[in-house]
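To keep things simple, chains are lettered A, B, C, D, E and F as they appear, and every chain counts its residues starting from 1.
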Amino acid sequence: MIIDSHAHVVAPPVFYAYRANLLAAGGRYRPALGVSDAAVAEAAAGNIAIMDGVGTDMQLISPRPFHQMHSTKPDQVVHWWIEANNNLIAQTVALHPDRFAGVAGLPTCAGAPIEAALPELDRCIEELGFVGVLLNPDPYEGTGPSPRLSEEYWYPLFERLVHYDVPALVHSAGCNSGRETYSEHFVTEESIAILSLLNSDVFERFPTLKLIISHGGGSVPYQIGRWQAERLMPKFGGSPDAEPFEEGLRRFWFDTVLHNPLSLELLFKTVGTDRVVFGTEKPGSGSGTDPKTGRVFDDFKTTIDGIGFLTDADRSAVYEDNARALFPRLHARIPA
Amino acid sequence: MIIDSHAHVVAPPVFYAYRANLLAAGGRYRPALGVSDAAVAEAAAGNIAIMDGVGTDMQLISPRPFHQMHSTKPDQVVHWWIEANNNLIAQTVALHPDRFAGVAGLPTCAGAPIEAALPELDRCIEELGFVGVLLNPDPYEGTGPSPRLSEEYWYPLFERLVHYDVPALVHSAGCNSGRETYSEHFVTEESIAILSLLNSDVFERFPTLKLIISHGGGSVPYQIGRWQAERLMPKFGGSPDAEPFEEGLRRFWFDTVLHNPLSLELLFKTVGTDRVVFGTEKPGSGSGTDPKTGRVFDDFKTTIDGIGFLTDADRSAVYEDNARALFPRLHARIPA
Amino acid sequence: MIIDSHAHVVAPPVFYAYRANLLAAGGRYRPALGVSDAAVAEAAAGNIAIMDGVGTDMQLISPRPFHQMHSTKPDQVVHWWIEANNNLIAQTVALHPDRFAGVAGLPTCAGAPIEAALPELDRCIEELGFVGVLLNPDPYEGTGPSPRLSEEYWYPLFERLVHYDVPALVHSAGCNSGRETYSEHFVTEESIAILSLLNSDVFERFPTLKLIISHGGGSVPYQIGRWQAERLMPKFGGSPDAEPFEEGLRRFWFDTVLHNPLSLELLFKTVGTDRVVFGTEKPGSGSGTDPKTGRVFDDFKTTIDGIGFLTDADRSAVYEDNARALFPRLHARIPA
Amino acid sequence: MIIDSHAHVVAPPVFYAYRANLLAAGGRYRPALGVSDAAVAEAAAGNIAIMDGVGTDMQLISPRPFHQMHSTKPDQVVHWWIEANNNLIAQTVALHPDRFAGVAGLPTCAGAPIEAALPELDRCIEELGFVGVLLNPDPYEGTGPSPRLSEEYWYPLFERLVHYDVPALVHSAGCNSGRETYSEHFVTEESIAILSLLNSDVFERFPTLKLIISHGGGSVPYQIGRWQAERLMPKFGGSPDAEPFEEGLRRFWFDTVLHNPLSLELLFKTVGTDRVVFGTEKPGSGSGTDPKTGRVFDDFKTTIDGIGFLTDADRSAVYEDNARALFPRLHARIPA
Amino acid sequence: MIIDSHAHVVAPPVFYAYRANLLAAGGRYRPALGVSDAAVAEAAAGNIAIMDGVGTDMQLISPRPFHQMHSTKPDQVVHWWIEANNNLIAQTVALHPDRFAGVAGLPTCAGAPIEAALPELDRCIEELGFVGVLLNPDPYEGTGPSPRLSEEYWYPLFERLVHYDVPALVHSAGCNSGRETYSEHFVTEESIAILSLLNSDVFERFPTLKLIISHGGGSVPYQIGRWQAERLMPKFGGSPDAEPFEEGLRRFWFDTVLHNPLSLELLFKTVGTDRVVFGTEKPGSGSGTDPKTGRVFDDFKTTIDGIGFLTDADRSAVYEDNARALFPRLHARIPA
Amino acid sequence: MIIDSHAHVVAPPVFYAYRANLLAAGGRYRPALGVSDAAVAEAAAGNIAIMDGVGTDMQLISPRPFHQMHSTKPDQVVHWWIEANNNLIAQTVALHPDRFAGVAGLPTCAGAPIEAALPELDRCIEELGFVGVLLNPDPYEGTGPSPRLSEEYWYPLFERLVHYDVPALVHSAGCNSGRETYSEHFVTEESIAILSLLNSDVFERFPTLKLIISHGGGSVPYQIGRWQAERLMPKFGGSPDAEPFEEGLRRFWFDTVLHNPLSLELLFKTVGTDRVVFGTEKPGSGSGTDPKTGRVFDDFKTTIDGIGFLTDADRSAVYEDNARALFPRLHARIPA
């Protein structure tokens, strides 16, 4: 069975007209959302066709990250928008319960206390039956001092995740800094997430916290030597007695969203196949056809199948077993 | 011969008291700098001992990047500080002309026109005999909207570099964003530098511009598949007719400052040994001893020597030939 | 013939997905716009059905004002979005040249010189054959110090309008102040437009400038006594020798977008039927059905037909003749 | 009997020298106020002469709104200034208890909790015997995000008003936005006050809250059709089941400060004569002589007397009865 | 003859009502100023009585410094206010040409180019016959980075002063920093003026520039040892070859506005009686009666007469001769 | 015995490299401090040589004020830096307990609650045996609205000082306003400290609070007449019944750091020799040699010895007795 742990909901076009209306209303009133069931069904059917084309059995779908607008003001706009996204996901899952499971967007808002995002988390897990959450580590979207994941700000969220035993897919959203595209910002934020957490005591405080770092861990597996060195040097606040960096790195999970075979090999060798889950990011940066190969860029399964040193057990872990371990609520629904 | 293209000047401690006094004076007057010749000689001798320890014949030394303080106000402080750094480098080179060559710091200041940094560039090349420059692509040091290297802001500098035929080592400086350490910010800025330039026409405007990206190119060689895909997709402003990303990437040079053998292998395979120059970043993140190996972390030559697929020609290119091609002014001084 | 001088283009839903993508790209690249001809045709057909329902022969269509996002940064986003809107209008007009004429959106950007918006104005008039422009007097959209229309900032635009002899429909766009909805802000900005211009020498500088104030002139016809008084009082910088306020007011044109019969009567009596043009703002605030009357709120023609003191000549002026005088480029296309 | 519910205290000139000294002291000390009794008496006598000229029996006097400076920092300056104003009013009332009653200024300060303004409210009602308050709905004076009257921020004030059964005259103060004069801003703020309150549950929470909207309700009676329509449309957060807008509007009271007969007619027809109280705003925008009529602009009684459709009962309500119902504390002093 | 080189105009109270109206109008219109000739005459007569009381023959009067509001926005308000002040001074001088001479306020505005203040300077000197100017070295009034007098910003003003051969009385205005009262800020700004100018080449560029430092030179004569020392130390940018600080100090003039005999003695001994002019700052901080002595605090002449070491020539210089040398335009009017 | 109550620790140069590293780390990690015991001993020995040269028996040493960087962000940097300074002082005192005593730096941070600085105060007094504290009244270092010492903000610190019976040396630190050098800012802040406290009830709340004002009291003894006058005038919030200013001034202590004999005389006469303690500020502005006298500028003892009107008792008070009274914890260590 092929489980795609990093996928996004496909919305009908009118959903974006609603988004524009929400922005214009500015939180002063809640415009009615008029997405028909037929439109949702048509969008979902299109997505299933794509899944069938690349052999995916099940997608864990979350909101399109770059459309989440966590830094938009007032916060009310973000809340209403994220709720609409989660409702759309729930509607999609209800249409095809054997092909989709829900990963919840969270209304984390730049400058707001994290507690304000928790009721929507509760609703998604308890009422809508979602199995994980999407966690944007930079609610300011490139415009200000979001607390790093290592900071106390995030503890109440981590407590709730541990309580439900649901993992978080760490994935930034938009980027308004003017220096990075949102896609470039993904890599930066994933690196910050790993490095700040490994320089903190978060995993000691929350030993069962499950975090999946998108896009193969940003830059960290490639730059790992730098961080191994600094970890040992007092000048950088490190110590020869500290936990080796490469061991700490294995506290995270990673997805396979690296379109380059050499990079996937580096990832598997660096963090181990027991810490990697299959993911496609569909629909996303790779959802087009490469004129050279005739394949869509994000046909990751073909690429992974081509890596020689992986055993069958490795592939089974990456394609299915690791995801089942990570998402116990999924397991309840699709017994092995 | 082993040429280290990425190294930094070692300053005597009193140099930092001068730095503190400059900050306190706030540009309203220029405190006198009292670094004795003996102190400079002692610091240089220490550095040569380190070079001998790892087998380096020549270092191209620039200011310590994270001490450059390009975003400090008023700009006068930055100018006086960078000038003092360049003077210290010149003093060090004069003591050991066969072991050191100068790479100039530039007084690029957050929010100031780039033209204000050019007189110091001229002084370093024409009067002090330097062979390259250190280029911080983020003068705001993580606090604001530095123009990306793709923007017109930088053209006058590029023109001057092309005129002198001196390369620039792209390397960010401090980081005051509160989210990244300066060391983490290096990786982010190197990635932004590559990605913004390859989405621009800068290399068409300046075909002979020579840019070396520090630390093995940030995250780009690892995340290359993502950028190859986006380059072809109209949704991201790309086109199937665009220059393939992997070809564009070979317009840059890269250094070897990756402490991890697997990452160095990925780098060599992705950009080719003809685009990589030996560098150690000494003194920097790796200048301590690994308790496991007993070696200093930044003993890169031992690591490179251990990569099996490199030929002698490859090694000669990386250790010496590429650097000679990049730095013609160096070649004049140390004929092959 | 019934000419509706204040109407807006109806866009297919996918146009708003493009809007979201533009916002996410942040001006760093231009996402491809994929609106099919069929989708445009379907949207236009829907609009024509509405026109037929209320007896409108021709609509002068402009972008939906509150979606224009003039204060979004960087300015590049605004330019691309306004261009896309104008292209959509041109496409719609081309499908039904006898039912629609184009009124151009302008890429006026908060804080940018007005000159930057003029090339798009030229394109719309000269290449696309538009007959008027939509003028947002508050590009900051409620967030800052937009120059009032009385200020020199706007002169280059006024010169161009006079040159082409095209009128401007004064109509604000979004509002992000947190105090007003965009709809409430319309009224405020229309009032500011009138009052600031009548306290300036703009009409002396540009005697042939044609400005239509939307929504029956904001609050001014109702509050007119206040301004008549201040105009005469030295304490407010006025003078007994100044042009009487009520005469100055007749330098503007007004539309009929007032859903209340009493208010329309006040407007006609205050400014005269020779200064009012028929307008519906469709689709806009009134595009739903009143459960009490069974009529759509913005069926203004029925309301106007019910005002007893209007003569046939008055009605002909309001419905057709005044619009022909205002829009000479329209007249060329639909001879009386 | 003619009761003028919207009038302002006349201060002797030296009161403004005190204002300038308060601004200069910046809250760091409290300059002594040296206004002699004789100066106050002279100013009051002048005002009575004006009242006699237009036939007013009693004025309810409050501070001159545009001099209140609610956004001045530090807040201490505002407190001292408002206290001085209220003291001046009390002094004036004490001189002519049968001709004046006090309406209190409130030291509402931009960004400060509303609770800080309540002790002065208590002092004015309990110690000075005032009968109402002046309520500026925009303490930021056009420079920032004042909470709308619909927001929780204002509840403690509303509770206190209900407790004392004193009405509030809603009237903005200065305007520093650079876009509107303070006089223009009055109209804007009155409109925001009505629209935000009618889109809230404030009147359900405080059913006996009494609010008088100055200047005939800003733009709302004229633009009423727009708000009637939006109230019914889900797109604007409305609903066909909502309270009709025109009914909601009658929860407020309005004054007659509209210098134009047509506008007064529209007001009476729209909200009913039982919701309008006589007011002159003297001294204010209309306190000069119209060269055409030879009458002062704000001789509203003559204008109202000229409206044909008003009955004697209507006039009695507007001139006296409604004010007595609104201000029970006034009634205690001047029995009918 | 006793010439008071530091005195301020006495305005009738209604002048401050005009000030409040100017602030409220916000530059959008110019309220009419209604100060009657009788009111001006009454105020001037009061001032002459005070002069006679302390034996002053002639006052050089300038605007009340702390009311100048140089940092108020928009600049138009400052211009209109300063012009009104200068007109009031001219009116006062015209009434008593043998007792008063004019010292002009300048509309220097925070953040505006200094050139914008020069037309009013020209008007005062050429048309109104003023003899000097009042120079606020901190137009931001404690809220921001006013250029120090040593900076190029001020050169155009210095050129004009030299051209006319009129001196400037250096005297700050209001202070909105929240840390200092305006009176405390006077001392700070006078110190900054002296210290920044003596660390610059301004007196080499403008050798005939005449600057009078108010209030006996701020803190500088008392703290002189500190500056003498730093002037010689390279650490502070000084040099043993620099002009001694105490010599530089004598490039300025100073007034006698020090209410303490010991301090006046220190001043005379430190800068010499040839650099001090008699001044009273009336009306100002000292314009009240000391209960201990029964004298007004600012009866400086009595204090100076009591200093034993002064010769008759010293006193003549301070009371009259130095002022004549400083103000040649005054000399033309009152020949010795 | 000569006790120098105002002196600063002499740090080895490498201490400033640590400072630069702290700034670069930005609080994200704590770099190791590598100052060897030998380096500290060498620096201390140098200082003792200077003391012997001018005849000082004991120095009370505090951090170099202008290097304290209280406004640097994040606050963590300030805490670590101040702790390092205090540790260095403790190390120095431990080497020469009969020549040095510690005066603690406090990690007061711009915008932070004062309580955050108290644990370090406790540590210094209770664990390190310090005898006083250094108090910067402007933690914003010239860039913002530091609460004046008169404000409630500082009460918790005052309570703690009273509890321990340790005095505070009031001395500002850096200055980033762009208008004053840090040295000039010292004078400004000392004046603000005195004036704000004497216009407050702080000494009534904390009658035993001991504050020493550096540099002879800033400008206040020289400008005392001005403040005496304002204290009595209602216009400035004063009153004839208020405590005379000159009496209030004697609630403070002052040091002798005035390099000018005339100024020292003014100080002694104004505040009395019982309120002055000997201080040299070494190393500071005066630590160089005057080419004219051949003496170091800050050889204050020679200057004081030259003042004729001082008695032996006066000198004993200034040199030793007052300091013993001020610093009871010192007395315990060096019995008379």
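Convention: a residue touches a chain if its C-beta (ideal position, glycine included) is under 8 Å from a C-beta of that chain, and two chains touch if they have at least 3 such contacts.
Since this is a predicted model, take the numbers as computed values, not measurements.
J.: Out of curiosity, which chains are bumping into both subunit A and subunit C?
T.: Chains in contact with subunit A as well as subunit C: B, D.
J.: In contact with subunit A and with subunit B at once: which chains are those? Just list them.
T.: The common neighbours are C, F.
J.: Measuring centre to centre, with centres taken as mean CA positions, what chain is farthest from subunit F?
T.: Computed centres place C farthest from subunit F.
J.: Given that subunit A is a copy of subunit F, what angle of rotation, in degrees and a multiple of 5, matches their CA positions?
T.: 120
J.: Please report how many Å separate the Cα centroid of subunit A from that of subunit D, as a whole number.
T.: 55
J.: Centre to centre, by mean C-alpha position, how many angstrom separate subunit D and subunit E?
T.: Going by mean C-alpha positions, subunit D sits 44 Å from subunit E.
J.: Can you compute the centre-to-centre distance for subunit A and subunit E, using the mean CA position of each chain? Integer Å is fine.
T.: 67
J.: Could you list the positions in subunit D whose residues touch two or more of the other chains?
T.: Correct list: 25, 28-29, 178, 181, 235-236.
J.: Which two-chain combinations touch?
T.: A-B, A-C, A-D, A-F, B-C, B-E, B-F, C-D, C-E, D-E, D-F, E-F
J.: Across the complex, what residues on subunit C touch subunit B?
T.: Within the complex, subunit C touches subunit B at residues 21, 25, 28-32.
J.: Please name which positions on subunit C make contact with subunit A in the complex.
T.: For subunit C paired with subunit A, touching residues are 12-17, 19-20, 23-26, 28-29, 66-67, 74, 174-176, 178, 181-182.
J.: Tell me, which parts of subunit D touch subunit A in their complex?
T.: Listed in rising order, the residues are 199, 234-238.
J.: Tell me, which parts of subunit E touch subunit F in their complex?
T.: For this pair, the touching residues of subunit E are 138, 145-146, 148, 177-181, 183-184, 187-188, 191-192, 195-196, 215-216, 218-219, 221-226, 228-230, 232-233, 235-236, 240, 257-260, 262-263, 266, 269-270, 285-288, 290-291, 297-298.
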